[in-house]
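Dropping the structures in below, format is structure tokens.
Next come two complexes, and both contain chain A; in the first it sits with chain B, in the second with chain C.
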Partner chain A sequence: MQVMILFAVLVLTYLMVIAKRVPALIRSFRFQSFFLFLATLLAAFKEKQVELYFVSGLIILVKVFLIPHFLDLMARKIKVDENLGLLVNSQLSLLAALLLTYSSWALSRNLGFGQGPLQLAAVSVAFSVIFIGAFLMISRIRAFTQVVGILTMENGIFLFASAVSGGMPFLVEIAVFFDVFISVIIMGVFVYRINKLFTHIDVNKLSQLKG
Partner chain B sequence: MNKIFFILIQLVFFIAVAPLLSGLISKIKNSLRMRKGQSILQPYYNLAKLFSKGEVVSATASWVFRITPFIVIASTLCAASLIPVFIFPASLNYLGDFLALIFILALGRFFLALAGLDTGSSFGGMGSSREMFISSLVEPVLCLVIFSVSLRSGSTSLAAFSAVGAAPVTFIIAGAALFLITLAETSRIPVDNQETHLELTMVHEAMILEYSGRSLALIEMASYVKQMIFFLLIAQIVFPVSLPVSVNPLQVIFWAIWFLARLAIVAISVAVVEVSVAKMRLFRVADFLGFAFVLGIIAGICAILGV
Partner chain C sequence: MPIFFILGIPFLLALAALAIRRQRAFGVINSIGYLAILCSSVFLLRQAVFLKKEIACFGFIYLDALSAFFIFVISVVSFAAALYSIGYIRRDIERGAISEKKAGIYYFLFNLFCCAMFFVPAVNNLGMLWVAIEMTTLISAFLVGFYNKKESVEAAWKYIIICSVGIVFALLGTILFSYAFSISGLTKSLNWSDMVPVAHILDKNILKAAFIFILVGYGTKAGLAPMHTWLPDAHSQAVAPISALLSGVLLKTAIYAILRFGIIVIKGVGFAYFAHLMILLGVVSLVVSSGFILVQKDLKRLLAYSSIEHIGIISIGFGLGAPLAIAGALFHIFNHAVTKSFMFFGAGNIVGVYREHNMNSIRGVIKALPFTGIMALLGCFALTGLPPFSIFFSEIMIIIAAFANGSYLVAGLLLLFLAVIFAAFIHHFGTMLFGNIPKGMSVSGEPLSGKIAFLFLFFLICVSGAALIYAGKDLIWVAQRLFQS
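Right after this comes the complex of A and B.
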């Protein structure tokens, strides 16, 4: 069951890689967070920890509802509905993502997380979600996708923490959630301002600005 | 002797049930669209009509065109006899395995594409080229699915993977990949559309446009059987159930009901997908099947990890 959820997260990350429009990207992120919620809930049920129930509640509140809703709102406001601005086309992105998954598997095996196939699977999925999130940030032009990329990385880090040590301490968790939410809002405002000033959110063109 | 008898029964069963699946899918689609729709038995009526009609063959067509329907139906039925349905698993090993299934189906597809080109009509050529484009994307995924499933179950035999008990993660992801390919292989909506003969969108229908009468009936029959083969594979992978080992009547009846129920579950999910998804442009199909490829690789990773 746990492995099934993990691999569902991985599959949804791949869906983000081939997504060509912003709503599809946001929907994949929403479902990814939902599976994260399921994984945490399962862990909470298994280990009977009250804190984990709180954490899963926070996930569903912040990552499944608030952040995607806010992103949707922003996407509608600045009308980036079509065209994500791919630097690499989707077939090549898929191949790159596969390579990243393979290397994360090799990495997690060599780092010595191989106590049983379950943990190896969990750690390699977490690593590959982090790497693919970074890849999304690098290979997409629009500032919008980069926000989703960093959120994906954050999801991967969460997965990693729960795979290695059964989750971060409760206070850290809450701080991270607060951090993520605030940073999304800041980035949203930022993207909105960029769009308003320059009428585009193409980050490549920002480097040509002269003060 | 006994084995041959069982194989014959299985072929008859395939021919009898396969058109019903298509009828079931179109019935479900129509009721989801709040329409009355055709009867669930309509494919049988169509086949009966086509078998009783005469046939027109173009004057420029060669022997390839005439021989193709027989090769297609023969190869598809041969592939159908490889799947363990009624036969006990042990008796099946000498016939062939998973890989044989792919290549026997590829033989039929090859001849269909040739026949589409043979008459020299522009539709046939277009249909053939599109079909080969799609199948060149489908076959690697099919191979990946099969490799990961057999890596997990330890054998390429079709009967072996029903012996693993409840489906492991590998099988479920491989089943998802197989589901996406099935949509492409049986010309279902995101890739092709069976209900239309619009020039711009048809793939499979364009290829067989020149056929009429009995030949068309054979080809349609073959595509029904092929669809059932794929549905059975999905059902076997996602809900693996071992064949009845003893001939206890109660057990056999229970098993038969569960067998048909699994087919119906796959058919219902195909129909729901068909109703809720729009048809893709031909070049978006590459992305669609690319995703199926990735699912296949993830299934392979799961198989290596042993989950």
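Right after this comes the complex of A and C.
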């Protein structure tokens, strides 16, 4: 079951890499978060911890409903071209993503996450989600992808935390959720402002400040 | 408990900023609040350093000498910034650059920003430390993009994105630390005070990898090259008092976080690993910043690059590791905070009158603004490390320690680049301060509250060198215990 969830998370990350339009990207992010929710729920069920139920509730509220909904709203409101503006085309991006997955597997094996093959797999998937999130941020033009990229990295971190140490302490977990939510809203505000001032949201054209 | 005043007052002031309509009156109230914080932090510093006590409450707050020192530095600069804001914001309102309502928002964000910064050294939990540092980014992004112009929004966007990505890596590092802690058979905890006593039994490889992530993550926020790219943009576009806070103390809070993790790594892996990384990043920062300082055309960017240089010096100081070098680095944190905010206030006044960042169009500052001009000249000497001022003392401490350590290459590079930066600063400021005022420029007076802020900081720049004689022993005591606690 856990392997299936990990597999789904990885596949959804690849779908993000080959996505060419904003709605597809947001949809993939929503499903990725949904599978994180399933993973947490499963862990909560196994370990019978009330706190984990609470955390999984937060995931479904914040990452599956509120944040993607907010992003959809923003995308509709600023009415720009829906294309993501690929600096690297889909095929090459997918190849890069596969390479990143391989290197995260090598990294997690070298770091000695060897307590069972399941943990190794979980850590490798988590690392590859983090690195692919970073890759998305630098290889797409529209400012939206930067926001979704950071969220993807955050999802990877969450997966990593639950794989290696059964999640962060409860209070920290709540604070991080709050933080992610605030940061998405603030980034959304800035995307909106950029669109208003520059009449585009292409980050490669934000180059007035130099030197 | 003074710590509750320090954490509570900015929060209450933030609420009050939304309620009180008259901005002039609120500016004064704000400054009084920060004066109270400054007094509390002096009291706290006395408890932690001179009486050598550690303060902990509910496992949430943990204060030792290091945190008390950082809280003191933050409170000094935020008090000066609060004073300076009164005149600065009033001038902006008079000119119509911002509305009265927006001034209220400014004070609201200013206080939240300071509150988040005070939380950074006070919390015990390393996860909460991460949250507090991310909060400082999110709040100050609005203050960077405050004027809502193209340049400032661009700077704010770069700032928020680069720092958020950096800080995600820091979170990864934090979780790796907690993983190292949990596989050694201990209970799950992210409290620093729980981790340090058992650091020597943690897995070495994981600690090493974790520290790399921490260094990349918080190093981005600290402005260490090559992760510094957001810094000149953000610091040059922010409101002047906020530039002072960003350069003076925000970078130091990230250094604080690196130190907290560094202490665990030193105990677990050994000193050499930490030292090599810190010295490497420090030297790279020094080299990169000196190049940009030489060819710089923008006044505020010049000061921003100078911050990268000083962060490099601080990082080298901690990397050298001798008690004298650590004492020098700690002392340099204070001196740079004070001197750099002093210079940003000066730059704020100059830019306010000339309405221009470009140093080629700024001429004759001493004639146009006699007070600011003289202060900027003295500040320029202080910043580049001329003797009677405090930065000279901390830099010489680090250089002596480097020679005594046998790190001749580091000492030589430090001296070389300090000389280059000195020459560049004297050149830039010489042409700006002297000469004739451009034609058709109207000169207005300088506000009193701004002058008080200048004199307060200038007093600290002059006397803290002498204070070393009085408190030097305590500083060395803190430095000796820092990496061995």
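We adopt the following convention: the second predicted complex is superposed on the first by the 206 of 211 C-alpha atoms of A that agree within 3 Å, B and C clash if a C-alpha of one lies under 4 Å from a C-alpha of the other, contacts with A are read in each partner's own complex, and residues count from 1 in each chain.
Heads up, the rule we're going with is that a residue touches a chain if its C-beta (ideal position, glycine included) is under 8 Å from a C-beta of that chain, and two chains touch if they have at least 3 such contacts.
All of these numbers come straight from a predicted model, not from anything done at the bench.
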{"item": "Combined model on chain A where chain B meets chain C, clash or fit", "value": "fit"}
{"item": "Chain B or chain C, by number of chain A residues touched", "value": "C"}
{"item": "Partner chain(s) touched by A:Val50 [first = chain B, second = chain C, both, neither]", "value": "neither"}
{"item": "Contacts of A:Phe7 with chain B and chain C, given as first, second, both or neither", "value": "first"}
{"item": "Which of chain B and chain C A:Leu120 touches, first, second, both or neither", "value": "first"}
{"item": "Apex chain A: angle to the C-alpha centres of chain B and chain C, given in degrees as a multiple of 10", "value": "160"}
{"item": "Touched partner set for A:Ala175, first chain B, second chain C, both or neither", "value": "second"}
{"item": "CA minimum distance (chain B, chain C), superposed complexes, angstrom", "value": "22"}
{"item": "Residues of chain A contacting chain B in one complex and chain C in the other", "value": "none"}
{"item": "Partner chain A, residues of chain C touching it in the complex", "value": "125, 127-128, 130-131, 134-135, 138, 141-142, 145, 148-151, 153-158, 160-161, 164-165, 168, 171-172, 175-176, 178-179, 182-183, 188-190, 203, 205-206, 209, 232-233, 236-237, 292, 295-298, 301"}
{"item": "Partner chain A, residues of chain B touching it in the complex", "value": "169, 172-173, 176, 286-287, 290-291, 293-295, 297-298, 301-302, 305-307"}
{"item": "Of all residues in chain A, those that touch chain C in their complex", "value": "111-112, 115, 130, 134, 137, 143, 146, 149-150, 153-154, 157, 160-161, 164-166, 168-169, 171-172, 175-176, 178-179, 182-183, 186-187, 190, 193-194, 197-198, 203, 206, 208-209, 211"}
{"item": "Contact footprint of chain B on chain A as seen in their complex", "value": "3-4, 7, 10-11, 14-15, 18, 20, 90-91, 94, 97-98, 101-102, 105, 117-118, 120-121, 124"}
